[in-house]
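A, B, C and D label the chains in the order they appear, each numbered from 1.
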Amino acid sequence: MQYRRMGQTGLKLSALSFGTWATFGVSVPRGTARDLIAASYDHGINFFDAAETYANGEAERMLGDVLIDLRLPRDALVISSKVFFGAVTDPRPTQHGLSRKHIRDACDQALQRLKLDYIDLYFCHRPDLDVPISEIVTSMNLLIQQGKILYWGTSEWPATLIREAAEFALAHGLEGPKVEQPQYSLLAREKVEQEFSELYPQYGIGTTVWSPLASGLLTGKYNDGIPADSRLAHEQYQWLQKPVLQNKAKRIAAVKGLSDEAAKLGATAAQLALAWCLGNPNVSTVILGATRIGQLEENLKALALLEKVDAGTRARIEALFA
Amino acid sequence: MQYRRMGQTGLKLSALSFGTWATFGVSVPRGTARDLIAASYDHGINFFDAAETYANGEAERMLGDVLIDLRLPRDALVISSKVFFGAVTDPRPTQHGLSRKHIRDACDQALQRLKLDYIDLYFCHRPDLDVPISEIVTSMNLLIQQGKILYWGTSEWPATLIREAAEFALAHGLEGPKVEQPQYSLLAREKVEQEFSELYPQYGIGTTVWSPLASGLLTGKYNDGIPADSRLAHEQYQWLQKPVLQNKAKRIAAVKGLSDEAAKLGATAAQLALAWCLGNPNVSTVILGATRIGQLEENLKALALLEKVDAGTRARIEALFA
Amino acid sequence: MQYRRMGQTGLKLSALSFGTWATFGVSVPRGTARDLIAASYDHGINFFDAAETYANGEAERMLGDVLIDLRLPRDALVISSKVFFGAVTDPRPTQHGLSRKHIRDACDQALQRLKLDYIDLYFCHRPDLDVPISEIVTSMNLLIQQGKILYWGTSEWPATLIREAAEFALAHGLEGPKVEQPQYSLLAREKVEQEFSELYPQYGIGTTVWSPLASGLLTGKYNDGIPADSRLAHEQYQWLQKPVLQNKAKRIAAVKGLSDEAAKLGATAAQLALAWCLGNPNVSTVILGATRIGQLEENLKALALLEKVDAGTRARIEALFA
Amino acid sequence: MQYRRMGQTGLKLSALSFGTWATFGVSVPRGTARDLIAASYDHGINFFDAAETYANGEAERMLGDVLIDLRLPRDALVISSKVFFGAVTDPRPTQHGLSRKHIRDACDQALQRLKLDYIDLYFCHRPDLDVPISEIVTSMNLLIQQGKILYWGTSEWPATLIREAAEFALAHGLEGPKVEQPQYSLLAREKVEQEFSELYPQYGIGTTVWSPLASGLLTGKYNDGIPADSRLAHEQYQWLQKPVLQNKAKRIAAVKGLSDEAAKLGATAAQLALAWCLGNPNVSTVILGATRIGQLEENLKALALLEKVDAGTRARIEALFA
């Protein structure tokens, strides 16, 4: 495994990491969950990503249970959670968002579900324009001071708001956001590559990117339509169909080109898509979703592939998706 | 239910809320208290107001008991307490006021009576000119840092003192007051509308207003004298008679006019008086007192009435009480 | 009882208060200790003064035991302790002084001996020139932030050092010293009246004065020599003989004059000496030592005497001790 | 025993102190460990030095066990630990270094192994250029605020980095490093005497020096080769051979000269080498390693020797090692 500093912090994340979104507490039984976490750990993955809203709290609960089962050393694990959406299906006004109240309640509840003393990375899962930046930054700092979290960050925030938070923190001697969790793939490059470009040098922010395979599109599995057992076929994730499958014909053509490039390197489209993400030095870690060990191990090969992806290959595959 | 941000904070309060003053621990049995809190919650009320001095601590104790009975989710509830008067009938010098000592003792005791881990809103119930503003602000901030309260505010403070506290906090990187609890009704408009007008934009302060019906006068129940079973008839509340019933004849004439306006809208004088309060955008929530479910539900209809109260109606009823 | 603000803080101390020095853990049995504390409380005394070094920790232990016996309300009591001398007879280098280490250890141990959650007033019992002011001030602030103490102060410090601590605190947004415990009596006026005169208005410092009767000299009990059962006769307190009995003849003449002035007001020399202390508005409280209820009650009469002590009387008795 | 302030702090360390490195958890049985600590304490030693990495955590565990056995008063002991190398033989990326994560985990684990409530001195065992100074300083300050440590320092850091940490702390109102643990002996003088010379007056930093006998070379025990039972013969410490035994012939000649000087004073080479270290006023304490009581007691005699080492002797022995 390769390890990268999370931005300019001292925390080192495995370049590939494990996400519980849309799998833990949903479709993955506890035994499989345990095997997936064990295999991840054995392959050197150290970052396990969760959120209060994933499976309405069940992802955290399952992750916490499995960590106890496996007796992995706490200090070898980077565990995240996220606050914003709440962990109840029909939340009341104080049960979501980024008010000091929900930040406190959500963190206490995540610690209980995860059965941990502290959370390594605590993300504001979305921006909340109904809460002043000062309230968000000071509330996150209270959690740090009280020992409940180590670092805080944002997910899917616009650069302007991250900058505002970082500047407020600097001006008041507080801890600013140290990590952002954006979507990033060959199909979604703008945020990570353009919008955030000034944040990296100025505030030392790292990124833990999600959906590197664009909900599976980049694996080629939608090349011949939406399989009945795929995520996009699920009622719950149909909202993903539109962003993922817009310009469907053009995209699928590009995916086929990607497969051809991958084949030249003896790899799959998915592996090449992951390796391409890893090629961006501002990416601290690429979060993998997996429901099977085999799938996980296939994806982990992206790391070895990385050194074979030269500038020419990068240019050609980027041209495919331009 | 409608929800409003408490000033410029991230906390969202139900526009109508439930006060325990003069009812819990006094005249309301525990069963009724439980039914009132349950009905309030079912109607979307999320803010429940208490104070160390209400029924000498018994209001908090009853509220705490009932919250346990009902197993309502803590994160859906905004619970307040207030420090100043003490919770003993003949307090010694350190058992009231806003010294660091009483602030600490009162908060610890309120948490015990309420059986909670933290209080959402903690109010300085009156100003205390014997305590420097610096001591009050830093003591409230200690409670925030120690996780015992989330936000602090004031009740019945003059604007000048709120401003002083807010400026001290800003100058020292501390949390300033975020909410004031003033009296507000057609008969008591000056503080909320005039005195505090600059505080809202400058410091983002919200208001949780009490006595919106002027101790019942605006319901019309004193139109024909003071009923034997009414609050004003109670020995304990006779101090309210003078402010409520000054200019009695003129006021009762106005209340009758209010009833007429209400009738035009198919509502009661009480509902219209509440709706008028809600019409002020600087009011974060209007605290209702109730001893019976029926009374509570009648008052809750004020919210639906609000949209029917046009500018003309507002002008006419304000003229009645001018 | 009269109550006075401790300097410009919000804490109100009884003008006369109870000290455990040289009595608790030494000569007073637990039953008497309980009666003394009970009588003090009944007479309105709210401040009980202790220190780690008094009877090598036994004074705190006895005070803590008695407070539990009496079930007095914690929020009605102001309890102090002091750090410097250590609580062991032959302390090692880290077991005394004002290093961060001893401040922490001493406070934790005092809380254990007193069986309390927090100490109201925590004094640096002497200056310690081997410790930088920054270390003392930040260590005291750590205790405040951790909820172990409410206010901190000094005892027998020179004004220059108090000023240095207060300025360091102001410059760094920390809590400065709020109270000094100096010796003060007709025989020891310089510190309270001259040396500290600028500290009161500038830093709002209060004083809790000790030895108002100059180890008993002002009661007249040494007029005819040192009684065998008096404190000065004790081997342990012979160091007091020199400062107390210097210029013995002149002093005893003055004490006789004081007795004459007291007689005119129907009081004793001791009562007048105490009333004279109380006449200084910069004195927050006068600490009484007592081993018998009768003695305590006699001394408490000084408060009623205060209003009879006019400017002329003050001038005459001050002239006696000039 | 002589005691010295640790730099300009208020903490007083015994001039000679006890290190657990390379002995506790390695070759010393628990009974001997207990006897060594007891003898050290009886001779007035108050500082006991440990680190997470010493014997992979076993040194701390043994020290903690022995402190419990001996029931020594906690407030008479200065206990250190160090964070950097981790306490596992093959640490993962988050299990070593100076990230906020490892600082927290290492401190919690050291407290558990030592079975203490707090650590007196917590050292950053090496610099970590992968962690920004701001993260190191704020993480150490979190431990101070949370009451887990009292002072923090560095070990084997370059002066430039210590200065950077101290300046960051000053600029942000935080606690800077107060102590450095460098190697210091007649064979390693540059850091303590030259490189750090400006740090002492500017930041008040103390030093707790280690390896004052250059891994035994200065005792003369390697004069005739490496004895089979000596540390340098151990496989584990062979890395020490090169630095210790470079210029072997010249060094051994110097050691013989040192023995001659020592003999003139009725002392051993080891005692004179220790006394020479103690002669530097910027040395707060010299850490002794010992596996036998006799060895410890021999070394403790260096303190009495100190006053016999005049300027001429110093000059001559320094010339030997020039």
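In the analysis below, a residue touches a chain if its C-beta (ideal position, glycine included) is under 8 Å from a C-beta of that chain, and two chains touch if they have at least 3 such contacts.
As the structure is a computational prediction, the values presented were derived from the model and not from experiment.
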### Message
For the identical-sequence pair chain B and chain C, what's the CA-based rotation angle in degrees, nearest 5?
### Response
90
### Task
Tell me which chain's centre, taken as the mean of its C-alpha atoms, is farthest from chain B.
D
### Message
Counting only Cα atoms for the centres, state how far chain A is from chain B in Å.
### Response
44
#### Entry: Touching two or more other chains - residues of chain B
145, 173
### Message
Please list each pair of chains that are touching.
### Response
A-B, A-D, B-C, C-D
### Query
Any idea which chain C residues touch chain D in the complex?
88, 92-95, 97-102, 104-106, 109, 128, 130-132, 135-136, 138, 142, 145-146, 172-173
### Task
Please give the residue numbers of chain C that touch chain B in the complex, ascending.
3, 5, 8-12, 14, 44, 46, 73-78, 118, 120, 144-145, 147, 150-151, 173, 175, 204
